[in-house]
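For reference, the structures are reproduced in the following blocks.
What follows is a pair of complexes built around chain A, which joins chain B in one and chain C in the other.
After this line comes the complex of A and B, so read on.
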C-alpha cells in the first residue's frame, strides 16, 4: 500500500557532524549530531520524531531543510536530490519546504508588523505585485484563524497562541508540500496547545500537507503522528506506525521512555528507571549507543554497532535483542 | 488523627503597582499545607501560582512595586508582618524554595560545595568541617553519585538533572519544614523528570516536611500530590483531593483543561477539545465569574456575580454557580 503513495521526502544515510574547534581554529573534536539516519515520508503523512534533548532531532529537521550543509548522505525532495545544491539552485525547492519554530516569541521579528513579516516571504519568492501579496497574506491569516486587522499589528500585541498562528501562516504562505514542525506546541499552555494541534490537523487535511513533527512530548506525538521515529544520540533506534510503537515498543530505550510518561488516571505501569544520563555526543559509546544505560546490555552490545532490522512490516528496531 | 499544619494562608492578595495602574495578581487565596503532605498548585501561565508562592517568601520589592493583604501563618507568626531581619532567617532555614531553571538559579562562579555550605554557615554555627560533611551527606541523600567529587565541581560540569538535584540539596540542607518547588521538572526530560519526582516523594516521607509543588503540568500533579488547588486569574477555582479533581472535576475550567490534554491510548484523529479564547490580561478582568467569557455553561448570573469558593462535597471546594454534578459519586 505504501508503495503507491507518493514519496515526498526521503533521507538516505544522512549524517551531520559539527566540528569543535579551539581558539586557534584547530579541530579538537567532532559531535555526531545526526548519524546515519534514513527515513521516508509519504504525501499527507505526519512523521513524529521523538527523543530527549540533545538527541539530534532538531538538527535532523534542519539538515533536511538544508539550513546548514550536510556532512554525508542524501536528501530527496519530491524525487530530486537536493543534498548538494547551491543556495541559488535551492531556492525553488525552498517554496516546497517550510518550517514552524518552537518559540513564537523569538521567531518573529519584533520590529516588523505581521504583514511585513509575511510579505517578505512572498517578495523573496518573486511576487512583485503588492496587491497580490497583501491578498495572499490576508488569506493566509484567515486560514489560520486570525482577523484582517491583525495584518498591521506587531508581534508584541499578540498572545503566544496567536503568534504561533502567525508562524504557521508564514509557513503555509508559499503553498509548501512539506513542513518541519519543530516543537510547535511545547511553549504553549495546554488549552492553547490543543487549539494549535487542531489547526495543524485541519490544514493538513485541507492542503494535503506532509509534516515532520519534532517533539519531546510522547502524548502529543501519539495524538498527531501516523508514523513515529525514536532518536537517541543521533541514531534512529526504532521506527513504526504510531499504534504499533505505543502498543508494542521493542527497543529498551523506547520502553523506558514510554514508562516514564506521566498520565492522568492511567494505571500505574512498572516504571523502567534508566540509570545515569545521556552520554556526551562528543564521546559517544562504542557499539550500540544505548548500552551504557540499557538494562539488557551484554558484551556484544559494547563491541559492534547494531543495524536496524524489520521486525514486522514497517517496524524497524536497532537492537541486538532482536538478532543482529 | 489531625496532621500538624505547617502553613496557613488566609485571604492573601498581592497587588503590583505598574505603569498601567495596580494589578491584583493574586486575589483572596486561602489554603493550608500540612506536615508530610505534597500540595499541588496548577494553572496556566499568568494565573498567579508563582506570585502566590513568591509572596509567601516575600521575594518582591515591598517599597516600590508590591503590596500584600491578608495573613500567612507559619509557626504561629504572620509572615507578612515580620520585620525583614526575621524574614531573612526563615528563608532557606525554615522555608526553602527550588526554581525551574537550575542553571540560572545556581551561581556559575561558585563550586557546588560552597553553595551548599553557604546555607549552613548562614543559618547555623557549624564549623567548616561539619558543614562540609553535612553538605556531602546531603548530596548523597539526593542521589548524586560520587558526592565527594561533585562537591568540588562547578554547575556547568553537571547535567540538567544533576543540577536540579543540587538545588534540592541546597534547599533541604537546613531541614526546612516547608519546601516550595516552583516548576521543578519543567525544564527536564521525561526520564529525568520521573527520577526527580520520585526523589521528592521519597524525601517528603523521610524528612516529614510539607511540600508545595507548583506546576502547569496536570500529569505531574496527579502523580505526586494528594491535595490539589486549581488557579485561574489569581483565584483558586477548585480545591480537592487529586483523585476527586482528576476523576470528577467540579469546575468547568478544570474539566475543559483535562479534556484538552492528548492522552496516550486516547482516541487518535479525533479533534481535541479546546477552551475558547485566551486568558484575559490582569487589567481586563471580566466582571462576575472570571472564567465566564470562556465558559460554555456560563449564564446571566455568571456574568454579573462572582461566585465564592464553596464546599461542594467532602474536602472538595468549587468556585462556580453551576458546578458539574459529576458522574456517579
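After this line comes the complex of A and C, so read on.
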C-alpha cells in the first residue's frame, strides 16, 4: 500500500558497532548496537520502533541523523546517500532531519532563555536578520502551543511538558521533513503524554512530517504509529503495519512484548514470560540472537542467523518458525 | 544569568565571601594607592636609620640599608599581587582553551592531557626554578614560569567540566542542527563551566603569590632591589635575629592576602556550586 508514496528515508543494512578499547588503545571488544537494519519510511507516516532498553533503538535513531559515524551500510534521505558525508556536507541535510529528545530537563541549555535557544538554531543556518529570527521563533512557539511571553523565560521556569514543547519548537524551526522522536513522552506525566502526542499528531498533519518514533511503551506506539518495527539486540526482528502487528504478532519476542501490555476491560491473555537476561551486546548469541530466551528455540536457531521473510504484504519476520 | 534578589541575599549570607572580598579589596586598594602614600619610591636609603625597630617615624621599622619596611612592603605588593593576578588571568585563558578542546576532541585530549600530567608530576617549585634557570630571572619570566606550572590545574578542571557538560542532550541537539564545534564550545559549553574554572583560578591566584614569594626567597625570582614580599624576607633572613620585623611583617602580608583569596575562593564555590559544599 505504501509503494506509491514518496520515500523519505531509507536505511540499507545499517550497522553501528562501538569498539571497546583498553587504556593503551587496543581494541578489546565490539558492541554491535545496531546490526544490519534496513527500513523504509514514507512521507507522512509514523514508524514506531520498540524494544527493551539497550536494544539499540536510540542508537539507530542517532545513526540515521549521523550524530556519529556509521560503521557500515547506507542511509538515504530523500533520495540522497548521506552515509559518508562530512559534517560540512551534512549541514544542508540537517535542516531536513531533526530530533526530539527524551529528557526535557537536559535538552535545553539552562543558561539560555527559550528565545536564545531557538534563535541559535536560525543563526546556525545563517539567518542574520534579528527581527526575522524573532518572528520565526515566535511563530514556532505559537505552533507548539506556547505564549509569546514565554520567549524570554529560562527553562527552569517551565514544566516538563512545556519544555518538551520548546524542544519540539526547536526541531520544527528549520522545517524538517523527517524527525526522530527519541522516547519524547516517556519522561512526562501520563496526562501530559497525551497532550504531547496530540501535538505531534497535529504537526504531522499540518506539515506532512515523517516520524521515527522510538519508544519502549507498546500502548504509546499503538496510539501513534502507522507501522511498527520491533528491535531486539540490534536486530529488527519484526515489522508490520500497527494493526497487523498488534492483532497478529508473529515473532516470539513480539508476542512476549505484547502479552506484557495491560489492557483495561480485556480478558487477561496468557502472559508469556521470557526467562533469562538480555544477552550482552558485547557477546551476542550466534545464530538467531533471540534463541537464548526463545520458548520455541531449536537446534537450527543456534547455528544459522535468520533472514527476514515477508509473511504477508508489509509484514516481515525474522524467525525460523516461518521457514528459513 | 539573572542577578535576582535571592542571589544577592545568598551573597550577603555567605560570610566567607564578605570577609574574603573585603581583605582582597583592601590589599588591591593599598596596592593601587602606594604611589600616593609613598611618592618617593621604595629605594630611598637613610643610612643613619639602619635596622630601626618599628616606631612612629617608620611604622614597621627599617631594613639593613635604612629603607622603610612599610614602603617596601607596599611597593612589593604591587609586584607580588601583580604576579598573582597576571598568573591567574594567563592560566585561566590558556587552561580554559586547553580544557575545552581536550574535553571535546579525543585526539587532542590524549596528547595535551599527557603533557599536563607530566608537567604535574614535577614538584611545582622545582619546575618553576628549572624554567627560570632556562629563561633567567625577572618579573616577566616569573609570571611565565609560574603560569606554565599552574595552567595544567585549570586545564584539568575545565576538561572535567566539559566532559560532563557535553553529555547533556542540548549539546546533542546542537550537533543535530549542524552547529560547528566552536559555537558549541565557546557559546554553549564555556559559559556553563566558567564557574568551576573561576573557583580554581581564585585558588591559583593565592598559590601563585606564595610561589612567587618562595622563588624570590630562594633568590631566583624577582631580582633585588625591586621589592617583592619574597625577596624582602630573603634580605631580612640574614639579620633575622637582630631585626625580627624584616621577616615577620612580610610573612603576615603574604598570609593575610592568601587567606583572603582562599576565603573568597571557598565562598565562590559555595555560591556557584551549592551541592558540593
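Everything below uses one rule, namely that the second predicted complex is superposed on the first by the 323 of 324 C-alpha atoms of A that agree within 3 Å, B and C clash if a C-alpha of one lies under 4 Å from a C-alpha of the other, contacts with A are read in each partner's own complex, and residues count from 1 in each chain.
The criterion applied here is as follows: a contact is a pair of C-beta atoms (placed from the backbone, for glycine too) under 8 Å apart; a residue touches a chain by one contact, two chains touch by 3 or more.
This structure is a prediction, so every number in the text was calculated from the model and none was measured.
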Overlay on chain A: chain C relative to chain B, clash or fit: fit
First, second, both or neither for A:241, with chain B first and chain C second: neither
Geometry of the superposed three-chain model: angle at chain A (Cα centres of chain B and chain C, steps of 10 degrees): 80
Contacts of A:170 with chain B and chain C, given as first, second, both or neither: second
Partner chain in contact with A:195 - chain B first, chain C second, else both or neither: first
Residue contacts on chain A - larger count, chain B or chain C: B
Partner chain(s) touched by A:277 [first = chain B, second = chain C, both, neither]: first
First (chain B), second (chain C), both or neither touched by A:99: second
Touching partner for A:74 - first (chain B), second (chain C), both, neither: neither
Chain B versus chain C as contact partner of A:223, first or second or both or neither: first
Least C-alpha distance (whole Å) that remains between chain C and chain B when both complexes are overlaid: 10
Shared contact residues on chain A - chain B and chain C: none
Chain B - residues contacting chain A, complex: 44-45, 159-162, 189-195, 197-198, 216-220, 222-223, 246-247, 256-258, 260-266, 268, 271-275, 278-279
List of chain A residues in touch with chain B within their complex: 52-53, 159, 161-162, 189-195, 197-198, 201, 216, 218-220, 222-224, 242-243, 246, 256-258, 260-266, 271, 273-274, 277-278
Interface residues, chain A side, partner chain C - complex: 62, 65, 67, 87, 90-91, 94-95, 97-99, 101-103, 106-112, 117, 120-121, 124-125, 154, 167, 170, 174
In the complex with chain A, residue positions of chain C that touch it: 1-2, 168-170, 172-180, 183, 187-188, 191-192
